[in-house]
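You will see two complexes here that share chain A, one where it goes with chain B and one where it goes with chain C.
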Partner chain A sequence: MEPLNAFVTFANFVLIPATAYGSQLAIGALGVTLIYGILRFSNFAHGDTMAFGTMAVILCTWGLQSVGISFGPLPTALLALPVGIAVTALLLIVTDKTVYRFYRAKKAPPVTFVIASLGVMFVMNGLVRFIIGVDDQRFADGERFVISVRTFREMTGLDEGLAIRTSQAITVVVAVIVVAALFWFLNKTRTGKSMRAFSDNEDLALLSGINPERVVFITWLIVAGLATVAGTLYGLDKSFKPFTYFQLLLPIFAAAIVGGLGNPLGAIAGGFLIAFAEVTITYPLKKVLGYLLPESLEPDGLVQLLSTDYKFAVSFCILLIVLLFRPTGLFAGKSV
Partner chain B sequence: MIGDLKTRDLLLFAFVALLFVGTGIVQSWNVSLTILNMGLISAIMALGVNMQWGYAGLFNVGIMGFVALGGLGAVLVSMPPTGQAWADGGLRVLLGLVLGAATVVAAVLAWSRVTRFRGPVVVAILVIGFFIFRAVFDGGVAAVEAVDPASTGYLGGLGLPIILSWPVGGLLAAGAAWLIGKTALGLRSDYLAIATLGIAEIVIAILKHEDWMARGVKNVIGLPRPVPYEIDLQNSEAFVARMTAWGFDPVTASGITVKLGYTGLFVVVLAILLWLAQAALASPWGRMMRAIRDNEVAAEAMGKDVTRRHLQVFVLGSAVVGIAGAMMTTLDGQLTPGTYQPLRFTFLVWVMVIVGGSGNNWGAVLGGFLVWWLWVQVEPIGAALMQGITAGMPDGMWLKAHLLEAAAHMRLLTMGLILLLVLRFSPRGLIPER
Partner chain C sequence: MKKLLLASAATLATTAAFADGHSPVKMGIILGFTGPLESLAPTMAAGAELAISEVNAAGTLLDGVQIEPVRGDSTCIDAAAATAAAERLVTSEGVAAIMGADCSGVTGSILQNVALPNGIVMISPSATSPGLSTAEDNGLFFRTAPSDARQGVIVTEILQENGVNEIAMTYTNNDYGKGLADAIQANFEAAGGTVTINAAHEDGKADYSAEIGALSAAGGEVLVVAGYVDQGGSGIVRSALDSGAFDTFYFPDGMVSQALEDNFGSEIDGSYGANPGTDSPGAQLFQEMATAEGFDGTQPFSAESYDAAALIMLAMEAAGSTDSADFKDHVMHVANAPGEQILPGELAKAIQIIKDGGDIDYVGASAVELIGPGESAGNYRQITFTDGTLEVVGYR
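Let's turn to the complex of A and B:
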């Protein structure tokens, strides 16, 4: 039973949380990579877009809860998601029309867009703080666990328990649905194909009669959806705090770059790579090794490679290694 | 160097001066000088960022990290050494650090020298080195942090005058910038941005959690000052007598005297740096930098080593930011890693540079003063505005309470709007590059 116990411990503390976190990062990185592919700049406002979307979802959730609507065992936030996406989409479209379109028409260099996105980041951050404040908000309701530690122990008779939180299960299910829908859209529909054409070669796409403003419009709609979903899932899983969302920018960018900027498949792979590396390296492996090694070899310390405070350092180091050895990312992204 | 300014620019500076004088008259001279001192430091930060962005087009969003490294420099230079900590584990900590550095150097050397099984050899060196490093380092850290953790629990500094820490802070920042530049320069510009964003977060994480170095979130307080203490002035009979003779309240006057002391020091540093920056910009080196910025391919064709020059200016600019960071910690008299926020230290400096005029040193300085003044004053203005808006609402209404409370967050919104408006309607800033 020892190896099984070790595996269950590992799954409980590393595999499951990392899978959920990886899904959240992957959806976030998909948004960054789509903007990069179509609009050709790194959007620094993405973290705050996620915060804004989540805030819209939270406000709507509170509204639903106050009139007594709930989603049974599932969090009410899922019902509020479409509203959140719509509000965020509206904000992004307005931002595009007032800020980015001007520079697009001027064919400004990418760095001008990046600086403009800094301004947008400030404004969105201010809006979120203005509307909901800077405090932690918890908005998860419904059933807390799919399987709790005790049920699992009773089911299997193992010493170690395994818990799957509802938020984790939902994250993975929603991520699969979102990713499948996105890839179906990009690969099968006419609009999706025109987006990919536009991303691959703008001039050729224009030549074949693709309307660039429409492509950009659709991109922002999809980005609003991705950002809101990613933000809400993260918020359900942990909690909502505007500053944390700003900090998510680093792992999300790392995921997008590691996978190859502009490459949706790479963004997903990058998200999971970063998440698994972060969680594994910052988790104390003492218990797992204790089950696997003979007693004489059992480690004294926690066998924690890095303290959790340095989880940013992990994504950053992976990013540096990839930049040094494969600057286009693991899956070929756009030009260096 | 004043000759580079046109009448319009002088008027702009006069306007900003008026803002500070106005603050002095309407609020108080103490407030005005407090804003001015931080404005001087902001101007130096903006100067450093302008060297990177304005001269060379390098997009650095890790300014916070370099500011914090400067602050660390202030602690390491000026605080008295903790003898007991050095005796208990100081050398072991240093040995650990040396071993860690040696591991990295060995891995880099192996990567360039070993021909067979290069990958596995390098990985083996790194893994073994990491465990040796942790084995030596962790014990030392535990010993150091156990020494009177409530008041010290760290190695302390060198006990030297704090002004020496300003160049040291610059050197620390320059070292970090060199490491970043070596890896991320020469790749596309966005990558440098992400790399600097990351290093800034890591610097702050290290400052927060490596208690043996600068006490982490327990903060180092009571740094020595380069100027006298207010209380000493108030106790000095000569000072009180003179101030009373001039018709000032000695308590207020002592505060103002101390602040003026800082102002004097900061003005000297700003003037030196500005003079150097202007001289560099006008020299053949400055022309080369701008040529590289405007057309890298052409500059490369003329035989200029673009990546090397970029590295050079990146290190120089970061050093200037580090100097400003050390000065800020000196002014605060304490190092509080928890207060370093990217919005305040990285992105606000960007607003300063863009608003002031990228590529123009005087513009960056003007932007530093103006935007810092706005950053401080937007809060009372916002609060007053909200008072006005909510005046008609009945007391106890939720919207009124919420609006009044939210006025504190007006800053970010305002700064974002200013950045977007300037970028849209006056992209070359208040004092454009010439």
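Let's turn to the complex of A and C:
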């Protein structure tokens, strides 16, 4: 029983939270990496695009709830997702037509785009706060737990409990579906192939008759979907607060860069790497070792590698090390 | 320059000493009218000025001395600006005493740079830093707010009465959280308890799994959350409940709020805490007086400001002088037993008792009881959660 208890403790406090957090980062990083690969700039407005999409979903959820529609044990927000994605796509396409197309026509250098996206970020930032306010919003409903600590203990008779929240389970399932669909689209469909061609070599793609405006349009649609899904999953799992979404930009970029900007596979690996690094390295092993080791060897201290104060330092150290030794990221994306 | 300073100080001393019924005596009210506490400063100033106008209306203080309030801006955070404001009040306005300042940092610098060199009595209504208890003050500094060190004692008492010997603690990463957590840890360990971990959390982050992992691994019977209920504190409680890491919590003053009940309901049944509060009749009286005067007396530190100003004037009466050097020794005396208890609105009666040679015990709006180096003993409202509602179980 002792090794089982040790494993359950570790799973409850490290594996499950880190997997859910990693999935959220991975979907966010996929959006960043797509824009980098196809439109060739780092989109600083991504965190606030997520906030905008989530806001649209929340407003729609409240509407559904007020007319009495619910999704059984699942959160109503999942029903509201398509509406949220549509509204966000509209916003992104309008932004592209009014801001980015101007610079594209002028063949502006990437740094101009980055700064323009910074401006877009502030506008979206204000827009979200203007519509829904700066406070915490909760919109999760339905069953809270797939399995709660108490049920798990009763079921297994172990000393340690394990909890899986509905939002965590949904996050992982949705992440798998989204990633599979995206890869199928990029690798198997004609449009997906033309997008990859555009990303690999713009001039050759134009010569072979690919319509650049169409590629850009589809990219924004996909990004709107990814951003809204990532933001909503994150909000369901924790809570929605515009400021937090703005701060989310840092771990998302860290994930995209570690994995290799422009490489979708890298974005996913990067997301999980950053999430696991933050949670695992600062986890004290006292309890786990207490179960595994014989009594005489049980540790008195916390057996903690680093205090939790340093959890952000951990992800940025990884970022630095990767950039030093593999400037294009783990999965050979474009050099930054 | 030095001569000039000496000369002005001498003039000042003489003006103060010879103040009589013909010239009003000035009292400085130094609060953060701009800065992080600007939302609280107006009701604090209103509280102090309410006490002053009450005494002026009676007109019996020192046989007819009128008190005139003079406001100064402490900014709450800019020590240089606060010192300059206090310097101006003391040297050019010639205030006899200072009601203020509000934030601990600027209060300390005004005390060291202005009040001490000029020998002016200062009573702060809201500075709670434990550091001010040991600051050198020549008996000039008092406060009607309790030190956070006092909360450490309260927390320890409550935990021990509940039979808790081992706690895990997390605090919001700023001066308030750190100071409070250190006070709790010191007291709890001195009383024989064990603090398994004392870890910071950042406000405004959405993922607290790493923090909860660490707190849970360290273990403990109760998790003390020294944070803000509208910030990371609630996030910590949420993750701790979801992962089954802790089911009993202790909530210090920043956490006790209606929001806890709204967010968690019966999930935190059996948890407990305490925040400043009193059930003394004075608090109720003061609120009625404030409402009649047109301001909200329930705002934090408004009652303490009333008490601070009242104590200054009663001490003057007891000393028979408006000179700080004379009345500084009478502040503790009028604030504490023995004597007749004085509630808000009874300042004229208190002055009369002192005139007749009697003793008073100023209770005021916040149940003032000055201890140790002249700070409020602090009154805390102890609460617990039963069936999803916040219940007041007593006062201490």
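The rule is simple: the second predicted complex is superposed on the first by the 328 of 336 C-alpha atoms of A that agree within 3 Å, B and C clash if a C-alpha of one lies under 4 Å from a C-alpha of the other, contacts with A are read in each partner's own complex, and residues count from 1 in each chain.
Please note the rule applied: a residue touches a chain if its C-beta (ideal position, glycine included) is under 8 Å from a C-beta of that chain, and two chains touch if they have at least 3 such contacts.
These numbers were taken from a predicted model, which means no experiment stands behind them.
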{"item": "Partners on chain A (chain B, chain C) - clash or fit", "value": "clash"}
{"item": "Contacts of A:Thr244 with chain B and chain C, given as first, second, both or neither", "value": "second"}
{"item": "First (chain B), second (chain C), both or neither touched by A:Pro17", "value": "second"}
{"item": "Contacts of A:Phe316 with chain B and chain C, given as first, second, both or neither", "value": "first"}
{"item": "Of chain B and chain C, the chain that contacts the larger number of chain A residues", "value": "B"}
{"item": "First, second, both or neither for A:Ala197, with chain B first and chain C second", "value": "neither"}
{"item": "Which of chain B and chain C A:Tyr234 touches, first, second, both or neither", "value": "second"}
{"item": "Touched partner set for A:Ser307, first chain B, second chain C, both or neither", "value": "both"}
{"item": "Chain B versus chain C as contact partner of A:Pro110, first or second or both or neither", "value": "first"}
{"item": "First, second, both or neither for A:Val99, with chain B first and chain C second", "value": "first"}
{"item": "First, second, both or neither for A:Thr282, with chain B first and chain C second", "value": "second"}
{"item": "Superposed model, chain C segment overlapping chain B, candidates 24-32, 78-86 or 222-230", "value": "78-86"}
{"item": "Contacts on chain A seen with chain B and repeated with chain C across the two complexes", "value": "247, 307, 309"}
{"item": "Interfacial residue positions of chain A with respect to chain C in the complex", "value": "9, 12-14, 17-18, 21, 136, 144-145, 148-150, 161, 163, 165, 234, 238-239, 241, 243-244, 247-248, 278-279, 282-288, 302, 304, 307-309, 311"}
{"item": "Residue ranges of chain C in contact with chain A within the complex", "value": "173, 197, 199-201, 204-207, 209-214, 216-219, 230, 235, 239, 242-245"}
{"item": "Contact set on chain A toward chain B in their complex", "value": "41-42, 44, 99, 102, 110-112, 114-116, 118-127, 129-131, 133-134, 246-247, 249-250, 253-254, 257, 261, 305, 307, 309-310, 312-313, 315-316, 319-320, 323-324, 327, 335-336"}
{"item": "Of chain B, residues touching chain A in the complex", "value": "57, 59, 61, 130, 183-184, 187-191, 193-195, 197-199, 201-202, 205, 208-209, 342-343, 347, 350-351, 354, 405-406, 409-417, 419-420, 423-424, 427"}
